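First, the structure itself, so that you have it in front of you.
Chain lettering (A, B and C) follows the sequence in which the chains are written, and residue indices restart at 1 in each chain.
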Amino acid sequence: MELIRVEEVSFAYLPGKLVLDRVTLRFDHRSTAIIGQNGAGKTTLVKLMKGLLKPFDGEILIGDLSVKKVTAASLAKRIGLVFQNPNDQIFKGNVLEEVMFGLLNIGVEREEARVRAIRALEMVELEGKRDMNPHDLSLSQKKLVSIAAVVAMDPEIIIFDEPTIAQDHAGKERIKEIIRYLDEKGKMVMTIIHDMDFVAECFERTVVMNRGRVLLDGPTREVFSREEVLKEAYLELPTVAQLSKRLGLSETFLTPKEFIAHLEGRIKG
Amino acid sequence: MKKVMVEHLKYRYPGTEKLALDDVSFEVEEGELIGIVGRNLSGKSTLAQAIVGLVPHFYRGAYGGKVIVDGIEVLHSTVSDISRKAGIVFQNPFTQVTGSKLTVYEEVAFGLENLGVPRSEMMERIDEALTLLGIYDFRHANPFDLSGGQMQRMAIASIIAMRPEVIILDEPTSQLDPQGTEEVFLAVQRLSREGMTVLLIEHKLEKVARYADKVLWLDEGKVMAYDSPSKVFSRDDLEEHGLAAPIYTQICKALKLKSPDGETYPVTLEGAYEVLKRWN
Amino acid sequence: MKSISLYVDRQSFLHRIDPISKIYYIVAAILVPILYPSLTVAFAVMVISLILLFLGKVIRQTLSVYGFVFLVLITVLIIQTLFYPGNETPVYRIGQVVLYREGFFYALTISFRVINIVTSFLILVFTTRSADLVESLVRKGLSPRFGYVIASVFQIVPEMMSAMGRITDAQRSRGMETEGKLSVRMKAFLPLIGPVVLSSLLNVKERALALEVRGFNAKGKKTFLNEEKNFLAPTAVQWSLLAVILIAIIWRIIQ
């Protein structure tokens, strides 16, 4: 089933400078990574899907709703976006209130909103900070709070814009878990990210953007077998794929696990 | 020559109980490239800010020990005066924008104007920094109209243009595309070879292993290790303290393949290639 | 993210007048009607200011400011026309309500002055890049720190506007209606104030950090990226404005 349809969408912030140029994309339930050079138009694309920007040409449908015809707020139940810069998203004076904000807006009762917000904070292991002012948290914590605030709303589609900014190893693992959990729950997870190892490990499908266009789109393994195209988009192979290529292996490995299993086979055999 | 000397530095932010830095000592030679690693909240950014004097001059709080940058004791100087010696690129590029300039070009000029760099030289340096960071085409854009990665590039350019003797980069590539990341590391390496002393906070350990001369590993405000990347990343207690070794190291460890020295594991692509190639 | 400035880039002679002269103009535009308190003078100076603003080709951008000012002034006008203590001469009667002449003219004088002051500031703000202003002041020997304070005053409004845009996006993306009917937008306005103020304060703090580490307060001589601009006859303009102020003062004394 198609959850999002982006049809021939163009957009410019300043007259004459197209940031997106007739982009057409369909999204189903598969978890999807959006990758590409800085300034390629990734953030702009998801802001358009979210209704925060209006395309000046083309059409975006969320389910059967045209984004042009409804307010961004009315889409919030269906589609959630975690902003790239958490400072742009956080505005309340208290962590718990921040996470409850969206829930209250979509009609969840206060008591239940509280319970769900606390559960979301537990998920990012920030339950203990619930009475703090979010502005006093570190960047990595703010990012996690902004993730919790959207995940708590439980929308059908969840978009993360560079969720791993400032995260250490444990933080990245936690976010991977959240993505897997949402995926298993049948949510559509879309993530803009520059970490190729993360992409290789977590997403079924990968869309490569370049200068306002879609350069490549397909199953992640296939995308990572096209190194020349990735180069053009200022991307690189995941670390294990770089190593396997250096070793002259022809398969495209995505995770260390796969690769170790393969090598163990060779060493024994 | 010792460019940065940190001696028994202890620091606590006002209104907190825990020491953010707990008896930190290390020395950096001129032209060295030091990678600073450690899990979230381990004190990396605090240390970075202690070197440029924001700790304690801006944040106040309880301070003990000494930080000496190029012969100047930070505690007895001012942030602006230290800025002539040591530049910092903040973790969140958004907080680095002065907000008083209308274009990227002028934004980068800001620090140079304050240093009193002559006009013609200023323009040369700005062009060079913008080209180096790949945002020359955006020089007329408003600093706030940039994408996240472009803003981060601008933040780095505005410090590099000031050509400080010591530069501290706090996760400078967190929002950069892979090639941009590689380019920044190459640029930083070049600068350090030209004599700039570089301290670089980074979670991408594969890059640290490849480019850093030494790794300073912090945990809970304390120094866990200060040694070569291969020594530090071969340690067995990384995971226990929230660090994951570079993927190359993880693979070789899983296969129990040590480097030729018989002590450490490979930490870079080439290192791993060397020990793995015979299995092909 | 919107640009953090109210400056409108146009080709006009006002854009070529130096910032300091514009400050002189503000002083003159405020002082003259005070020193010479008559309705005609207030009106005349206001008209001059408005004409200047018009010549600066930035009227359109200032309309929202005037919208707000008019809203306030109309209230003043109504209240004074009805309740000014010096009210004697009734001019109009609507049932119980009596409109007085004295109150009306008093309110009119106030309105002219207010519009005049607002306009003279708008001339400065909309036709001058704040960086140019600060630069001119620093070149004159003002401390950069003080220059920065002035620049931030300039930026309060745009900064708040940009914070408002940011926070509105955060709110509507999590389900709060902010678009469409006036009633919806009014309702959305109140919960915006707290966060906007908070965010602006935080920004000020972060800016201070950003400036310090770029050597903003460093000792030693500064240089400037931009060459000192060739403004239109700064000395002549400034002296004329000074002369106007002086004449008004002398007039006031001999009166």
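Points to keep in mind about this one:
The rule we apply is simple: a contact is a pair of C-beta atoms (placed from the backbone, for glycine too) under 8 Å apart; a residue touches a chain by one contact, two chains touch by 3 or more.
This structure is a prediction, so every number in the text was calculated from the model and none was measured.
Set against the C-alpha centre of chain B, every other chain centre is closer than that of C. Comparing chain pairs B-C and A-C by the number of C-beta pairs in contact, the larger count belongs to B-C.
Between the CA-based centres of chain A and chain B the separation comes to 27 Å, rounded to the whole angstrom.
Separating the centre of chain A from that of chain C, both taken as means of CA atoms, is a distance of 43 Å. Those residues of chain B in touch with two or more other chains are numbered 145. Not a single residue position of chain A touches two or more of the other chains.
Chain A makes touch with chain B in their complex at residues 13-14, 36-39, 43, 84-85, 87, 138-141, 162, 165-171, 194, 196-197, 231, 234-236, 239-240, 242-243, 246-249, 256, 259-260, 263-264, 266-267. Contact residues of chain B toward chain C in the complex are 52, 54, 58, 78-81, 83-84, 87-88, 90, 95-102, 105-106, 109-119, 122-123, 126, 142, 144-145, 158-159, 162. Against chain B, the residues of chain C that register as touching in their complex are 1-5, 7, 129-131, 134, 144, 148, 151, 155, 159, 162, 203, 206-227. Contact residues on chain C toward chain A in their complex (touch as defined above): 166-167, 169-180, 194-195, 198-199, 202. Residues 50-52, 71-74, 76-77, 80-81, 83, 88-93, 101-102, 105-106, 135, 149-150, 153 of chain A are the ones touching chain C in the complex.
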